[in-house]
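We just call them A, B, C and D in the order they show up, numbering each chain from 1.
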Amino acid sequence: MMGQLGGRVWVVPGGHIPLDSNGPEPEFTSYDKICVLNTTDAEARLTLTFYYEDAEPVGPYHFAVGPRRIRHIRVNDLIDPEAVRLDRPYGCVLHSPVPVVVQFLRQDTRLSGTVTLTGTMAHPAG
Amino acid sequence: MMGQLGGRVWVVPGGHIPLDSNGPEPEFTSYDKICVLNTTDAEARLTLTFYYEDAEPVGPYHFAVGPRRIRHIRVNDLIDPEAVRLDRPYGCVLHSPVPVVVQFLRQDTRLSGTVTLTGTMAHPAG
Amino acid sequence: MMGQLGGRVWVVPGGHIPLDSNGPEPEFTSYDKICVLNTTDAEARLTLTFYYEDAEPVGPYHFAVGPRRIRHIRVNDLIDPEAVRLDRPYGCVLHSPVPVVVQFLRQDTRLSGTVTLTGTMAHPAG
Amino acid sequence: MMGQLGGRVWVVPGGHIPLDSNGPEPEFTSYDKICVLNTTDAEARLTLTFYYEDAEPVGPYHFAVGPRRIRHIRVNDLIDPEAVRLDRPYGCVLHSPVPVVVQFLRQDTRLSGTVTLTGTMAHPAG
């Protein structure tokens, strides 16, 4: 019952990993993060596709979220099929074979001595 | 009429109480907060279940929101059946027997001399 | 056509005007703000009801948004039937006779030398 | 299939480009930004209409997002039919002939030595 919460397609149009970071790594590294909750009893084998201003989409990126598990993925850490470059605007679409819920978070420490967070639920598109 | 606003299931995938805090307690303590509005004429006896990256879900946590009342719960303060540890990524699912509306808020004061807030409506899943 | 965008009931569970402020007024005053867009050709005579942790709801508060207009209301400025006190958690429900769209924003300058913003769309409940 | 994600009408009630900026341009300039993801195989020829507190709506503003592309538009940069003034509250409505997804982001560097971000998905209204 709780295993069917959410949707199978989620969209984030406003991705942009800040270029610089200040403070101890990794906790103060600038990042974009995608947070996924899988309440189902099946592993969610997710695929991500990245969209850019000036190039064809890149993907699929694969990662899995176990049954009854969360996973918070730093976009900075996605490297296959290619790294998502810092300071390059992007959007992304997440597909899941089972229902999940997706939240987006940014940490920005470009300016020394500061940290700012912003986030939103991803848009549920299917 | 106003007593039927919202839904009975709400989801937050991106929970993570910051590890450190700076500044006077409790107002500058780092926290995740779950804010619930119950417009109904019945007490909302809520249950929360927490999901993790590397362990089975934990719950139910119980708390109540009176009829025609709000309640802003610091996740830091949830201790039964077990405390939600600092710096451990989590997601949570809230169930209510009556319709409610749920908002998520984080305050982060890890870096001395700074405070940052971020938040979003929880995802309405039922 | 554009005059029918949005809904007639919007909910914000997580209100809380920060207690202190630092910096020049009014631009750096801590506030909660409710931002309304009325695309219709009729004046939107809105009513707001405030919910608390420990008291019956208070309202209605009245304000109007002209046809094809926005209005950004500081909750700090609502005084009739009673002021919304600083540092008191609240939730609010907005009713409109015509469709509108509602966004919530907080500015927090409690800590000297800092400013942080957070916000979210209100929850569309009808 | 992925080319039909999202909707054709999106609304942001809470626009307000901060008046001042501190730090190197353009990366630390205060801005409001509208982020659009077009997963379709057609160019999305978008129109934006801006709403104000004290004047009739202004528009349409035109911009295009290519097939399978994103675009992150700074509201500061919109000048035709007229510039969106700093420090003037506004709301905006985006129309697209093909489905898109829209996210709103603000960067505020009014206070020297600080930067704060806030954002939310736009409201999908059609």
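By definition in this document, contacts are C-beta pairs under 8 Å (C-beta built on N, C-alpha and C of every residue); 3 or more make two chains touch, one makes a residue touch a chain.
Only a predicted model underlies this, so the values are computations on that prediction, with no experimental measurement involved.
**Q** To test your reading of the model: what rotation angle superimposes chain B on chain C by C-alpha positions, in degrees to the nearest 5?
**A** 90
**Q** Do chain C and chain D face each other with the same patch, meaning over half of the contact numbers show up on both, or with different patches?
**A** Mostly different residues form this interface, as fewer than half of the numbers used are common to both chains.
**Q** Quick one: chain A and chain D, Cα centre-to-centre, how many Å?
**A** Going by mean C-alpha positions, chain A sits 21 Å from chain D.
**Q** How many angstrom lie between the centres of chain A and chain C, each centre taken as the mean Cα position?
**A** 30
**Q** Out of chain C, which residues touch more than one other chain, so two or more?
**A** If we look for residues of chain C contacting two or more partner chains, we find 113-114, 116-121.
**Q** With touch defined as at the start, can you tell me which chain B residues reach chain A in the complex?
**A** Counting only chain B, the residues touching chain A are 9, 11-14, 16, 19, 49, 51-54, 56-57, 89-91, 93, 106, 108, 110-111, 113-114, 116-123, 125-126.
**Q** Enumerate the contact residues on chain B facing chain C in the complex.
**A** 2, 5-6, 23, 27-28, 33, 35-39, 68-72, 100-105, 113-121, 124
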